[in-house]
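Naming follows writing order (A, B and C), and every chain is counted from residue 1.
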Amino acid sequence: MTPVLEARGLRKTFGGVQAVRGVDIDVAKGEVVGLFGPNGAGKSTLFDLVAGAIAPDAGAVHLDGRDVTRLAAWRRARLGIGRTFQITRPFRDLTAIENVLAAVPRVGAPGRHDADAARATLAKVGLGDRADDISGRLTLGMLKRLEVARVLALQPTLLLLDEPLAGLTGREAAEILDLIVVLKSEISIVLVEHNVRQSLPVCDRALVLDAGEVIAVGLPDEIRVDPRVLKAYLGEEGRPRC
Amino acid sequence: MTITLALQLLVNGLVVGGLLGLVALGLALIFGVMRVVNFAHGEFITLGAYLTWLIAGGLGMSPLLGVPVAFLAGAAVGWAVQTLLISRVASRPSLDMLMVTYALSAIGLGLFSLAFGGDFRSYSEGPNGEVHLAGVSIGLRGLTVLCICALLSAAVMALLRSGHVGLALRAVAQNREAAASCGIDTRRAERTAFSLAVGLAAAAGSLVSLIGTTTPSVGHDWVLDGFVVVVVGGLGSIPGALLAAVLIGLVQSFCGFVFDDAWAKIITYVLLYATLLLRPQGLLGQPMEA
Amino acid sequence: MVATRRTDGVVVLASIAVAAVVAALPQLGASSYSQILVYYAAYYLALGQSWNLMSGMTGYVSFAHGALAGIGAYAAVIALNAGWPMAPALLAGPAVALLASFVIGATSLRLRGVAFTFATLFFQELALLVLRKMPISGGPGGLALQDIVPIWLPQLLMIVLACGATIVMVALRGSRTGIRLLAIKGDETAALSLGIGAAKMKVALFCVSAAIAGGAGAIHGLFTASLYPDVVFNVDVSLIALAVPMIGGVATAMGPVVGAVLYVCIGEAFAIFAPSLHVVAVGALLLLVILFMPTGLAPFIAQRLCRQSPRATNAVEGRTP
């Protein structure tokens, strides 16, 4: 069964900094992969490389078996890669529903992409009553959710979520995690999060990045007690925390 | 082409290049520190030119006095413009900022036309005569301009390389948020950058009035070439701006002789398009997003 | 969205009605002075809408629209002087402008930021230089239309063009394409991540915009019947193309209408009192609008008049104030 995402040997250097150093990542259909690591580990850069926002210095990205390494970001979006941003990027002068309608659905996507479908998507993330509000006036928590609704309108096969829980209240975060669980039967998800405790439970597998390299890969329970991971986060050895 | 002629064109090209460098330096400073393209830059050049014409032609004093006067006047106006107008629009989409500087340009152009009319102004005060070196005759005016440009450029480079002010400007240019969290007053840095740049523009205008005629659109013409220099050199790169200035000055000088002035300009603009096509980041700039 | 579609339909019908009335003015006995004012209002409106279509919707500022209109004028006059029939000659204007815009756009719209704006700025200068040199365009001495055309023709054509451009704007604003263009304007990176083919859309829109500007220029060439490069390619024309929508209401259909009428009024007022102050006044007005009501006059007034939800009608609403 071809994995939804297969990335090999991704490498990216900015000036003197090696942000991503030979990273491999696989995501199977219906899987949620957690991507963790300390600040500056290269997680957002990895997302940029997979989504096509920046070109890798080396390596290849395959989506459903198709080589997309040379394709521009917008083409990859049309093929089914959706991504959210660490710092939200709403179209401030457009209403929430217009934000959702701006998305161009994946080529061959079955669902409709009209105003009704957009409202339904907004309702799914709890913004149903905000559809006609100018997005520039929404709170951070709402903007985070709008970002998710917007990318769902793409009807993606692969979803890259960059810190979707940051800035959300406990309850809002729980709702998003519930949504992820519901989505994963149709969409494969890579999830970057700092809130490891809350997000690890929804992950089927986890990958830990440090200084641009993968230092651990495996099941959540394995990662939780992996000494290299603990050292990367905490700087000390062999002290399981949970 | 004889050696003498080539040297002559070289010198002329350096004079133009020096002036372009001063103009481009200001533009690069503003873009580097504030990420603003100052479409009103030309009007500040015109300001310096008319101020110097008033000093020399009107009061009969040495036009060289015009350089510091223009610089200070320009810096003062720049300070006011930045504080009252530019800073208000800084956090808005770049379309707004562009419109503000463009509107200022229209207002300035209109005011100069109103105050001085469309006549060509010039004056005979100041250095006159020629210097002869190796068969090449260099006008004293051109030589003076070249020297002052070199001096001013060197002074600005020195300022940027060392001292608190230079460090603050470079820090804000590289990473604004990081600079702010280090305790650098970013708004003050922007005011300094803008007034310094506008002062340089006015000084350049002062020198322009020395070697050419002054009209309400004189600054506009020079700033267009200034923009070419900044793009070819690399937006925001100061060494790039200086390098490209000399290059374009020489290109215009030689092409102006071989063909004519209009063709020299056409070739300059073709160079610009070629840069955008083949190497958008210019000679020394950072890659632009595509 | 259904409500705004209906109001958009009303706006379109109203525009056609107004245009028809205006076009019939000569028949209704309006003075030739007022006819000329109406003509210029239509000309400024056509130019302003063409700029609005591109720069208002995408945020990529063009300084080339004056030059695009200018080369349209030259193309039409040269074609007519060469014996072409009226219709193909007039179409030569938009055709040439479209070609030029394609070259500029394909090269510079791949890049973000000010590259496009610079490219258009230099196109203006380049056009002036080249047209002064080319013998076919009559050089600096100018070019005259050999067979003078009856004045009602350009008057009628300009009104039709201005009305048509306004309707295009209404249609665009109410469409999914319009939303996507505004998305590009708001945040191009995010737009790209949502599958919006920004580069292609920008180039296509610039070409449409240029064709309209070229058409306006061609018609204006008929009207003035003689072209001087320094007049045709004066920076004033690009200022008009830009100021009319920015002052009236950027990215709206009705904004440029307000802007064009206002521009004509200012022009007349200053022609009587202080001729050289015209440019200063427009610049000052533009500055004031940007500082204090950046969405433009029309949306500002609309919000004052009907204090309701922010989405009154696509024709008038621009962006978050």
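What we mean here is this: a residue touches a chain if its C-beta (ideal position, glycine included) is under 8 Å from a C-beta of that chain, and two chains touch if they have at least 3 such contacts.
Note that this is a predicted model, so its numbers are computed, not measured.
Taken chain by chain, the contacts run in an open path, each chain touching the next and the two ends left apart. Comparing each chain's Cα centroid with the centroid of every protein Cα atom identifies chain C as the most central. Inter-chain centre distance (chain B to chain C, centres taken as mean C-alpha positions): 32 Å.
Work out the mean CA point of chain A and of chain B, and you get 46 Å between them. One simple way to say how far apart two chains are is to compare their mean CA positions; for chain A and chain C this gives 42 Å.
Counting partner chains per residue, chain B shows two or more touched chains at no residue at all. Those residues of chain C in touch with two or more other chains are numbered 185. By the touch criterion given at the top, residues 51, 53, 72-75, 77-78, 82-83, 85, 89-95, 98-99, 101-106, 115, 132-134, 136-137, 150-151, 153-154 of chain A touch chain C in their complex. Of all residues in chain C, only 1, 176, 179-180, 182-183, 185-187, 189-198, 309-311, 318-320 touch chain A in the complex they form.
Interface residues of chain C, counted against chain B in their complex, comprise 55, 59, 61, 107-108, 110-115, 117-119, 121-122, 125-126, 129-130, 132-133, 185, 235, 239, 242, 246, 276-284, 286-287, 290-291, 294. Against chain C, in their complex, chain B makes its touches with residues 37, 85, 88-89, 92-96, 98-100, 102-107, 109-111, 113-114, 220, 224, 227-228, 231, 235, 262, 265-266, 269, 272-273, 276-277, 280, 288-290.
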